[in-house]
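One structure is given here, and the rest of the page talks about it.
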Amino acid sequence: MKKVALMVLTGVMALSLAACGSTSTNNASSADSGSSGSRTYFINPKSIGPAYWAAAQKGAEQAASDLNVKVVYNAPTEADSSKQINMIQDMLTRKVDGIGVSPNDAKAVGPIFKKALGQNVKIVTWDSDAPDSDRQYYVAPDTDKAVGELLAKTIGDEIGGNGKVAFMVAGLGSENQIAKSDAAKAYFEANYPDIEVVTTVSSDDDQQKAYANAQNLIKTYPDLRGIIGFAGGEPPAAAEVVEQAIKDGTLKQGQIAITGIAVPSVVKNYIKNGTIKTDIIWDPGKLAYATVYVLDQLAQGKEITDGMDIPTVGTVKVDGQNVFIGTLQVTQDNVDSFGF
Amino acid sequence: MKRIANIQEAPIILFTLLVIVLFSSLSSGFFQADNAKLILDQNITSLIVAIGMTMVILLGGMDLSVGSVLALTATAVGVFLNHGMHPWIAALLGVCIGVLCGAVNGYFIAIRKIPDIIVTLATMYIFRGIAVGISGGTWMTNFPNGFRYFGQGELLGLSFPLIVAIVLIAFFIYLMKFTRSGRRIYAIGGNGSAAKLAGISVARTKFTVYVWSGMLVGIAAVIFASKVGSVQASTAGSNLSFEVMAAVLIGGGSIFGGVGTVAGTMIGVLFMGIIKNGLIITKISPFWVDATTGFLIILAIIINTLQRIRQNKRKEGDLL
Amino acid sequence: MNVLKIGLSFKQNKLQVQLLLLLFILVLFSIISPYFLSVTNFMNVFNQMVEVGLIAIPMTMIIISGAMDLSVGSILGFSAVCMGIAFQQGLNIWVSVFVALLAGLLCGAVNGYLIARHRMQAIVVTIGMLVMLRGLVYVLNEGRPISGYPDSFYFLGQQYIAGIPFNVIFLVVVFLLANFVMKRTRFSTYVYGIGNNEEAVHYSGVSVVRTRFILFLLSGLFSAMAGVFLVSRLASAEATSGTNIELDVLTATLIGGTHIFGGRGSLSGTFVGLLIIVFLRNGLNLLGVSVLYQAVILGALLLIAVGNKQFNRGLSK
């Protein structure tokens, strides 16, 4: 008897949670739920949890209600490609009209994209690309190379093209991190031969580890001049450590320049304090919005053209199969103007 | 001399000293007062969490949920602060949430008698889910300046979190060594049924230990949030449980319970902290850091086991 | 109540709860999702559970023997990358697969040597291996994924035979074999015996060391096999593959009714446990439930499915 009661309890829980989940996606998809069943897209970030992807979710849901389509936004809790692919597979079973994927591993999504193409499902990659796959378009702020070079240029200008620079990444094995840091390194070699990249430390997406890494960097390289953080968690950790060191008197104000990719709301205080002068970002919401928009255009058989105007996102650059929405530079002057 | 060799922690202390000598000879920056301070500073969270884990492991259990409790508490504190709550009240409420999580674990383990690992594996999923749920997927950040005191403040020239840690460590060493409740934990871990026959309430002791553990994680979480300055609910403390468990066992604890000390655990935590710090300071290639860390953990445990075998041989003959 | 009776009722009742739960999940999702109940979906689900399933076999045995192996995910990643590198060095793909299995066996042997021969605590040794092997993966390939295998290799993870994925057939065959071993052979008596009373087994002249060693060797081998199948399914060997898989495996094993203190449990239970978690995940995915709620549901399920009377004996063990 007790067991039966337990079973019922589980069932009720699962149901109610399931209901929560599906109603929230319904609410998000459109006010007019009657016609929203027409087209469904699965938007798949690398993982669920980080602020960056949460901001993107808002954009995807905004697009869903503007375009009157249904969007399911989901991913595993960790950036793991086998779990991600399992989830894409599940969504193909659900017969979505298009998938927007930010692949954790560019090669691993090859087979599943092939399968999706066979089912006539539109495929767009966003934020990270899978170049040699069957994806139709890649939506990004810019190429990894361009972003890496922009970061390198920013720090190079700030420290006057001379000194030691350290890289902080979220994962040594993550492809977009490798591409960006390689580009930055190459840019230094070509344009700032006096800048030496001393090391690359990885936080494995763990905020405390990023913080400890930054502490150890400052300790190990007393003459360090710059830090580039290649993922959302790294610049705030570096800035926090540098601010504390300045307060303790072990570092001089302005000795270490920090730049990187970070959501403005997270680094707002550091930018206002001047610890971070320039932060590179793009609006993840607009990126997701553009992804849904491109998918919807494809599903309706419309063309994607260079210079086309996407509502709320603006004019985009289309280069072959790449759609670029452009990057933003966050500085003291404009830090309060971002809503994410 | 013989007495020193018989101290349970002797091998791991020796090994730690060896590692320190090694790092010092490789890099002049390692053996310095401010680097020692840095290592302590980086491991405060683990030190505090490890006290609770030591007690749990002494009972023959394990707590896989500490990382999730840390994330949940830190996130909750962040939410309170962002709603303009006074830092001290927010911190206090945070510790209360830690205690509550500990009580949930304790209830299922001690009163419903479900094995530790199952309960904490389950609550690991549940607390993490709740943490990310209340965070709304965003980071907890931009804490008010008053809150920074918990992680970065100074009292009598020493850092505030360090004082908290030292007080807690001293208190729990005293508790475990000299009080009846402390000895009860050893008794239950050493031989549960005998302890029961001796009239010790196993359930009550277990429950209390999990509540203590929850409280300690709560305190650690407040310090963590204040020190790091930003909390990401989905990843905060994700490797904490394994790391702290390894520290307890390196420090001489036994997964079967009954053996281990708080002091030994603290050495275990510092050992891991020294490795992590030293490997970066000696400028080893970043790709080698994890591999070397794992290798040193295994080495430490080998040394530990050798010591135990040596002791056992003397006591019980050749059975083990 | 006497122990024997509880043991018996445990054997009979325990799996019933799991089977009921599985049935309940299947019916529930069939009703609420129109996409759930279909052959393709079921085949997908089976296809996805192969890696976890392969590792769960030795894990169940190891837990029954009263130990635990937390390093399986890292062994998986390590052998996958070893295979990738061997292939990059120009070796034949099947020779590379052999290299992967060898790497897994080697890792298992190290675990087994330290744990069985030197009586070290399984949990710490395997945590150490978890950190070290994952680190070695980065040392080996600097974190860059390795891909570009010949088409014949993808047979393992992507081909269907008579509508059933090949890797699923493989998993089922291996499961049946292992189940036979755990039911009918003397080896299983030793495994259960060590879990129940190690000393008694020792005194009855059975080599505890050898049995333990074999178990960890198996664990290494099966983790490597899972690695090979994963690479074949995803067409890429990456440094992060297999991260946290030990938690999935552990959850499946425990939901399947294997007793964490050893001595009791069954492979059939693990198989049902496995089905429960993969179908639950699949169904919730189909409904578009966020993974955050999925984690909470999984946790609650674990407490409910496992947390009933059988453990009330508590410390009287």
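Residue numbering begins at 1 within each chain, and the chains themselves are lettered A, B and C in the order written.
By definition in this document, a residue touches a chain if its C-beta (ideal position, glycine included) is under 8 Å from a C-beta of that chain, and two chains touch if they have at least 3 such contacts.
Treat the numbers as computed from the prediction; the structure is a model and nothing was measured.
K.L.:
Select the category (line, ring, star, complete, other) that matches the graph of chains linked by touching.
P.N.:
The chain contacts form a complete graph, every chain touching every other.
K.L.:
Looking only at C-beta pairs that count as contacts, which pair of chains has more of them, A-B or A-C?
P.N.:
Of A-B and A-C, more C-beta pairs in contact link A-C.
K.L.:
Starting from the mean Cα coordinates of chain B and chain C, work out the distance between those two points in Å.
P.N.:
Each chain's C-alpha centroid was found; their separation is 28 Å.
K.L.:
At what distance in angstrom does the C-alpha mean of chain C lie from that of chain A?
P.N.:
32
K.L.:
Would you mind listing the residues of chain A that make contact with two or more other chains?
P.N.:
Expected reply: 48-49, 77, 172.
K.L.:
Which chain C residues sit where two or more other chains touch them?
P.N.:
In chain C, residues 138, 142-143, 292-293, 295-296, 300 touch at least two other chains, as defined above.
K.L.:
Got the chain B residues that touch at least 2 other chains?
P.N.:
Touching at least two other chains: 128, 132, 287.
K.L.:
Would you tell me which residues of chain A are touching chain B in their complex?
P.N.:
47-51, 53-55, 57, 77, 172, 198-202, 204-208, 211-213, 215-217, 219-220, 233, 236-237, 240, 244, 247, 250, 263, 265-266, 268-269
K.L.:
Taking the touch rule as given, give the residues of chain A at its contact with chain C in the complex, in rising order.
P.N.:
2-3, 6-7, 9-11, 13-15, 17-18, 20-22, 24-25, 48-49, 72, 74-82, 85-87, 89-91, 93-95, 104-108, 110-111, 171-175, 178
K.L.:
Using the touch definition up top, name the residues of chain C that touch chain A in the complex.
P.N.:
That would be residues 17, 20-21, 24-25, 28, 32-33, 35, 38, 40-41, 44, 47-48, 51, 138, 142-145, 147-148, 154, 158, 230, 233-236, 238-241, 243-244, 280-282, 284-293, 295-297, 300-301, 304, 308 of chain C.
K.L.:
Once bound in the complex, which stretches of chain B touch chain A?
P.N.:
27, 29, 34-35, 38, 41-42, 45, 128, 132, 136-139, 141-142, 152, 224, 227-239, 276-277, 280-281, 283, 286-287
K.L.:
Which positions of chain C touch chain B when the two form their complex?
P.N.:
These residues of chain C touch chain B: 70, 114, 118-125, 127-136, 138-139, 142-143, 199, 247, 250-251, 254, 259-261, 292-293, 295-296, 298-300, 302-303, 306-307, 311-317.
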